[in-house]
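In what follows, chain A forms one complex with chain B and a second complex with chain C.
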Partner chain A sequence: MEHKVHATSTGQEVIMHGRFTFADHENFRGVVQLLDDPSAKRFVFDLSGLEFVDSAGLGMLLIAREAAERKKLQLVLRGAQGQVRRMLDLGRFDALFTIQD
Partner chain B sequence: MIWGVSMPCLQFRTEGRTTSASSLHFSGDGVDDSVVARVARFYDANTSGPTGAVSSVLLMADVDQPRLAGAVLRPFSAFAEVIGQEDRLGKHFPATVANGGLYFWLTTGTAFQLATTQLFCDGLESRGVLTAERRPDVELVLHEALANALLHGNLGLDSGLRDDFMQYERFCQLLDERLHDPVASQLRVEMAATWTEDLLEVTISDEGDGFTMPNKSGPNKSGPNKSGSSDTDTEGTDADEPSILHGLDIIRALTTGIAASDEGRCITVRFAR
Partner chain C sequence: MTVGGSGNGGISLSGCRVLVVDDNKGSRMLLGALVSEVGVGHVEFAADGEAALAVVEIFQPDLVLLDVRMPRLDGFEVCRRLRSNPSHADLPVLIQTALTGDDSRADSFRAGATDMVSKPVVPFELMARVRIHLEKVMLIRDLRQYHERVAQELTSARVMQQGLLPPASRTEALALRHNLVIASHFEASSELGGDIWDIFEIDDHRLGLFICDFSGHGVTAALNTFRLHTLARQIPPGNTPSQWLAAINATLKPLLPPGQFATMLYAIIDTAADTLTYASAGAPSPVVGDASTSLLLDSMGMFLGVSESATYVNHEVSLAAGGFVFLYSDALTESLASDGSYLGDAGLLDLVRDSARVEPQGRLDAVLERFFDYVLRPLTDDLTAVWISRR
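Presenting the complex of A and B:
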């Protein structure tokens, strides 16, 4: 998985591309550390460029969710399509995250 | 440069036997010639198959994504990563090539770095075994099975660490350490596919400590914590509440059959075609 980070007026947006899998733990650790930004109120994962996610990828999003909760940040998953959207549905992530098309 | 050694099972043919008349052709890509010849001699004498069948095997050194992606579209049955003078292949190799299947034999480090199941499915699709419609489910299942084999099998990582926020940093540190461990990173994983008109069967095996496959209804506390014990760890949870989705849940949901063997080091999944 490759990602880019954009600052927004309320926080940060991480735009993810490619395949988000068990091989991305080290990479994603850096993303989780972005949640430490004390000025942020809202954090968005733009998943529209993701083509594949596995159960480990879902687990990493849950790790980010827990980190966000501890910082009282709103966490949004945006733009999931195809297999990625199906996996979010399978994991019933709508009950855990704010999900936007 | 690729060069090859044909080994047409001469010893069996001259004895007039037909039980082992398959023909193997071994090629090397960056592999020492003597290793290719040694592997060819050994497996030629230990591989049985249908009369007249020919299977090609590519032994590769320094495997990377572009080279394996190009090779898998060529008419080889097996792709095996070779380190130095090592000449062993996995135990599912003879039966897989004898039946004209598709076979990967890779180190943990390589399988972890490459989009391995994507390449394996490219191979299945190019051989007409997978349709574009069936591929997403099959690729996801193989990916989850391979992830378990690598992370919890060969690298010996506890899945409980990965799922626990407080332990996540530790999990990442351990993963990095084990991937750089010269022993753990060179343990092998094996992917072996065979098929009929109606069925696709894929076996994925590792060289880790094994585990006890949990029952579908609940966790099995008797085995070490590979992927298994937490994969169905539903104790104390409400079935209506969202819970962590584990690889084994996905595998069970998307296959027509699943079986574990070799004390949990080997999982076989079946799909209707």
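Presenting the complex of A and C:
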């Protein structure tokens, strides 16, 4: 998985591409640290470029969610499609995150 | 402090064995003394090439210190013969050679020498080189032993994990009593898996059945399957599937660190009511059908271990005589073929429909045969598949 980070007026956006799997563990740790930014109120994961997510990838999103919850940040998952969208639906991520098309 | 000696805090070489080969008695004694000074516990000697080859077989040295000019076989030939024997291919051989003259140094390497020490002997250099090469031998040996030990432990853990699955004697007895055909396949990916499934009797017309897949694989996921195996036995099997999953989730959630979760499906087969009642925590969609039709069922539900307050939904479908239910882990639908494709839900449904046409005993085999036909081995995720047909 490759990612780019954009700062917006209300927080940060992480644009993710490729396959999000166990191999991204180290890489994603850095992303979760971005949640420490004290000025952020809202954090968006743009998943529209993701082709595939496995259970480890979903687990990392859940880790980000716990970190965001502690900091009272809103976490948004945006643009998921195909297999990624089906996985989010399957695990009822709509009850855990703000999901946007 | 002794330079190059055993007292410098390095690895102990007292268990090491060194063979000193030199036709000059004085040289042998000097070299032997220096090697002992490094801390080597066992030193053996040979006075010519042929004797050297014989002693190597008996003494099994960790390193050979070899002179070049000797009667019978010279040092180069000894080295070449050692290298031609696969069991000595990695044996460090240090050839003593004059500092001047590039030819003999090139000859030494061509003969297969690991390194060279200068002749006449420079004690400091000889001791340092012997120590370096022996330390390397010891480190590689340690690493290999560690590797072997871990591999052995993983093998026993795998056997223990297999023991969590329902034994054939139980599934056969249940199948007989409830007029079913129960076929199952379990295959851990690399070493240990995060999949587990079980089937048990609730009463004379109901069976409880679950399939569960912990996120990730390897040791952590495998340990979680042991947890679940214990937990599952503490929940009354007669609870409705949604109650059953909620109870498992409430117990599991505080035990799992953030990011670890499980997908699970619990189903009750009722042969008197001709129904299958199930609840799912995001497990792959089960397939229910008969010889003429197969359906992928809704299996949405929050993963286990994510939220303590998660609730689950009961679904009831018809499962009459002649009907079947097929449960599987996502390795079946998501494992990649060499062209990067994977089965997916639609491919799975086709595969199950085709396989449902054969006799109940052969259905799971039919699925697996086609799956293993295209999928890349070894699998990168654990595969569990359970096909239960009513007669």
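Keep in mind that, in the parts below, the second predicted complex is superposed on the first by the 101 of 101 C-alpha atoms of A that agree within 3 Å, B and C clash if a C-alpha of one lies under 4 Å from a C-alpha of the other, contacts with A are read in each partner's own complex, and residues count from 1 in each chain.
By our rule, a contact is a pair of C-beta atoms (placed from the backbone, for glycine too) under 8 Å apart; a residue touches a chain by one contact, two chains touch by 3 or more.
Bear in mind that the values here come from a model prediction, so they are computed numbers and not experimental data.
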{"item": "Room on chain A for both chain B and chain C (clash or fit)", "value": "clash"}
{"item": "Contacts of A:Leu90 with chain B and chain C, given as first, second, both or neither", "value": "both"}
{"item": "A:Asp54 touches, of chain B and chain C: first, second, both or neither?", "value": "both"}
{"item": "Touched chain A residues, chain B compared with chain C", "value": "B"}
{"item": "Contacts of A:Glu66 with chain B and chain C, given as first, second, both or neither", "value": "both"}
{"item": "Partner chain in contact with A:Arg19 - chain B first, chain C second, else both or neither", "value": "first"}
{"item": "First, second, both or neither for A:Leu34, with chain B first and chain C second", "value": "neither"}
{"item": "Stretch of chain C, among 2-10, 56-64, 74-82 or 218-226, that runs into chain B once the two complexes are superposed", "value": "218-226"}
{"item": "Residues on chain A lying within both footprints (that of chain B and that of chain C)", "value": "22, 54-56, 58-59, 62-63, 66, 83, 90-92, 95-96"}
{"item": "Residue numbers on chain C that touch chain A, as the complex places them", "value": "213, 215-216, 258-261, 263, 282, 299-303, 306-307, 330, 334, 344-345, 381"}
{"item": "Residues on chain A engaged by chain C in the complex (per definition of touch)", "value": "22, 54-56, 58-60, 62-63, 66, 83, 86, 89-92, 95-96"}
{"item": "Residue ranges of chain A in contact with chain B within the complex", "value": "19, 21-23, 25-26, 29, 32, 52, 54-56, 58-59, 62-63, 66-67, 83, 87, 90-93, 95-96"}
{"item": "Parts of chain B lying in touch with chain A, wherever the complex brings them together", "value": "112-113, 115, 118, 136, 140, 143-144, 147, 150-151, 162-163, 165, 168-169, 171-172, 175-176, 241-242, 244-247, 249-250, 253"}
